[in-house]
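Just below is one structure, and these are the notes that go with it.
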Amino acid sequence: MNKSRFEAFSDGVFAFGITLLVLGFTLPELHQPTDRDLTAALIRLWPNLIAYALSFGVIGIMWQNHHAIYRLVRRIDRMTVFLNLLLLAATAFIPFATSTLGAYPTMHASTFLYGLTLTWAATAYNLVLSHLVRSGAFAENVSPETIAATVRAYRIGWAGYATAALLALWLPVVSFATYLAIALYYLIPRGIDSDIEPA
Amino acid sequence: MNKSRFEAFSDGVFAFGITLLVLGFTLPELHQPTDRDLTAALIRLWPNLIAYALSFGVIGIMWQNHHAIYRLVRRIDRMTVFLNLLLLAATAFIPFATSTLGAYPTMHASTFLYGLTLTWAATAYNLVLSHLVRSGAFAENVSPETIAATVRAYRIGWAGYATAALLALWLPVVSFATYLAIALYYLIPRGIDSDIEPA
Amino acid sequence: MNKSRFEAFSDGVFAFGITLLVLGFTLPELHQPTDRDLTAALIRLWPNLIAYALSFGVIGIMWQNHHAIYRLVRRIDRMTVFLNLLLLAATAFIPFATSTLGAYPTMHASTFLYGLTLTWAATAYNLVLSHLVRSGAFAENVSPETIAATVRAYRIGWAGYATAALLALWLPVVSFATYLAIALYYLIPRGIDSDIEPA
Amino acid sequence: MNKSRFEAFSDGVFAFGITLLVLGFTLPELHQPTDRDLTAALIRLWPNLIAYALSFGVIGIMWQNHHAIYRLVRRIDRMTVFLNLLLLAATAFIPFATSTLGAYPTMHASTFLYGLTLTWAATAYNLVLSHLVRSGAFAENVSPETIAATVRAYRIGWAGYATAALLALWLPVVSFATYLAIALYYLIPRGIDSDIEPA
């Protein structure tokens, strides 16, 4: 295995996981529906649309983070592959957590499951990062400051997802709104550090 | 992230979305069907086949447009990534809009939903293009005329999809036919500018 | 677009289509089944397993043919892209034709649908090939004999699939067996011309 | 076909198969569920979660093995492509075997089916390896010791899976636990030979 095939496999799982989100939309069986019935059935899917947008953003962010980390890395050992599988397993699980959230947007169980899934992904990212730091896998031209800032940012992200997940045990709708707020915060491009070098 | 991984991820979503269109075909549960029953059930899927062909063409066009734009671009910033996610979210949604259209080809709700989805994709393309122009992301050898012609073409495409979507509120079948006409117009190769350089 | 992205997109559709074949296996709803019930339900899926193996072989052959053709080609124009979409649309349809064949392996409608799908794919291959020949898209070092032999082989393949499809109208099981025989004939490696050069 | 497209196609099936595992999670239809009902329904999915984790590990291992073998290979002939299709067919079947195992984790039929699938994959790997050895497909700098050690390791893996499959006929739960033990044994990185060279 080399780094480019490691990245291509991960990209494949991100791209398939993000596309499978569409399976969260299903129409109930309608027997001889009028146009009014179909309109009503489609409109009732609006929580699914919000959950779809949320998870599209979340997987999009995870994919960007994956790139941001691995372009600094020069060596991939078996532990990295193992921890990366843990991360991809969380990613591939998101379509199920999303369709459950879309179907039951105001319940404790569904909002907590969603938060658990994101916390699982964030935990995997933190474990990967610790391992990369410990094993000296970063390229030589990566400054210790960059690494320290990344580690800090990932801890904060983990704390945000875990807090929102716990919130689901008391206030499911607030928890759902917090997931949206976190995703928007990370998605919206902000001033500095926003450029990506050409291929 | 670099340009080639940005393109590979987008290609993954296009290829996967286009393949998921097949999920729009489902047979009703047939209990001990005769050959006649099965034939009838398959023949009743003809609107699904038209919707399948339409969406195959639509995603095929979107994929070609994606290439046509990004091979002129030399720099991909975070705003481009964000707007590209907006486009991919529309693409990944097309299988659901298609199966709804195939199941209810003559209804306002389904033809309007389909048109909204295409207008959403076209909006994302126009936003991406505006951003690329504003931020000077095109390569130096791309002439202002080429860029202006592309911007114009995308505005016309947007207007076509939006008009067909609005038509769905009055004449669903005419709207469906208009989607087909637009897709055919863009798909059929025409004289000039039809060559693609080798790898 | 360049040739490598054209091939990567096509490979994506082949790989996703071949993996989606697994959706042809579904267990009926079993209420509190005993181990005996589950065993019986799984064993009743044996026609689905044959259909799965058949379609895995068929898509595998199509993927090999795609490579065999395009490594001889130096230029891809819009007509090629259009005809390639026609081919990919047949490929992406195979999972539905397969699950229908697996569910009703002895019926006229299902075996004919399967044959129609393969004939559709073979037609697309023949159209692509004609266009490539007519437009002079082959690389200079490809001999006219190689091209003529390929054209002949594709016509024979088309005739085989079309004949087997027509057979389905009289003898469905013989038609199914013919699909298997054709796939095996193409799949089993035979003596000469069996090597593929390294990357 | 060249080696890199052969690998990319295989990687696509591995990545797509691993992502489709999520379809093993389905909620039963709940009519107007309370939060308690939904919690109970989600908790009842715990065997599915174990089966999901198991298969994620299994496909992850198979993907690593694929890389480990083919980076030593310099030539891919049609027999290799044929045997590779046999392996990919087993991989693409794993999501169905997994959802059956998750739904009926203590039954003979489901645990045996799962073991048969893994034995099928291991058989394909052993056949590929024999063919590569016999046909002299390995690169010149690969030592006979490396090849002999790999052949031995694959025979042991095959014996492990086949034994666990046979166990399913007497002790399904022990068989399930054995699959988990084998996967963990291969997944957990161990001391030597754990580094992977950069791209």
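A, B, C and D label the chains in the order they appear, each numbered from 1.
Note that in this section a residue touches a chain if its C-beta (ideal position, glycine included) is under 8 Å from a C-beta of that chain, and two chains touch if they have at least 3 such contacts.
Small disclaimer: the values here were computed from a predicted structure and weren't measured.
Think of each touching pair as a link: the shortest run of links from subunit A to subunit C has 2 of them.
Its C-alpha atoms fitted onto subunit D, subunit C is found rotated by 90°, rounded in steps of 5.
By the residue-number overlap criterion, the interface of subunit B with subunit C counts as different, with under half of its numbers used by both chains. Relative to the C-alpha centre of subunit D, the farthest chain centre belongs to B.
As a whole-number value, the distance joining the C-alpha centres of subunit A and subunit D reads 25 Å.
In terms of their C-alpha centroids, the spacing between subunit B and subunit D amounts to 35 Å.
Counting partner chains per residue, subunit C has residues 8, 12, 16, 23 touching two or more of them.
Only residues 7-8, 11-12, 14-16, 18-19, 21-23, 25, 27, 33, 35, 38-39, 42, 52-53, 56-57, 60, 63-64, 67-68, 71, 187-189, 194-199 of subunit C touch subunit D when the two sit together in their complex. Touching subunit C in their complex are the following residues of subunit D: 1-6, 8-9, 12-13, 16-17, 20, 23, 74-79, 81-82, 85, 88-89, 92-93, 95-96, 100, 103-104, 107-110, 113.
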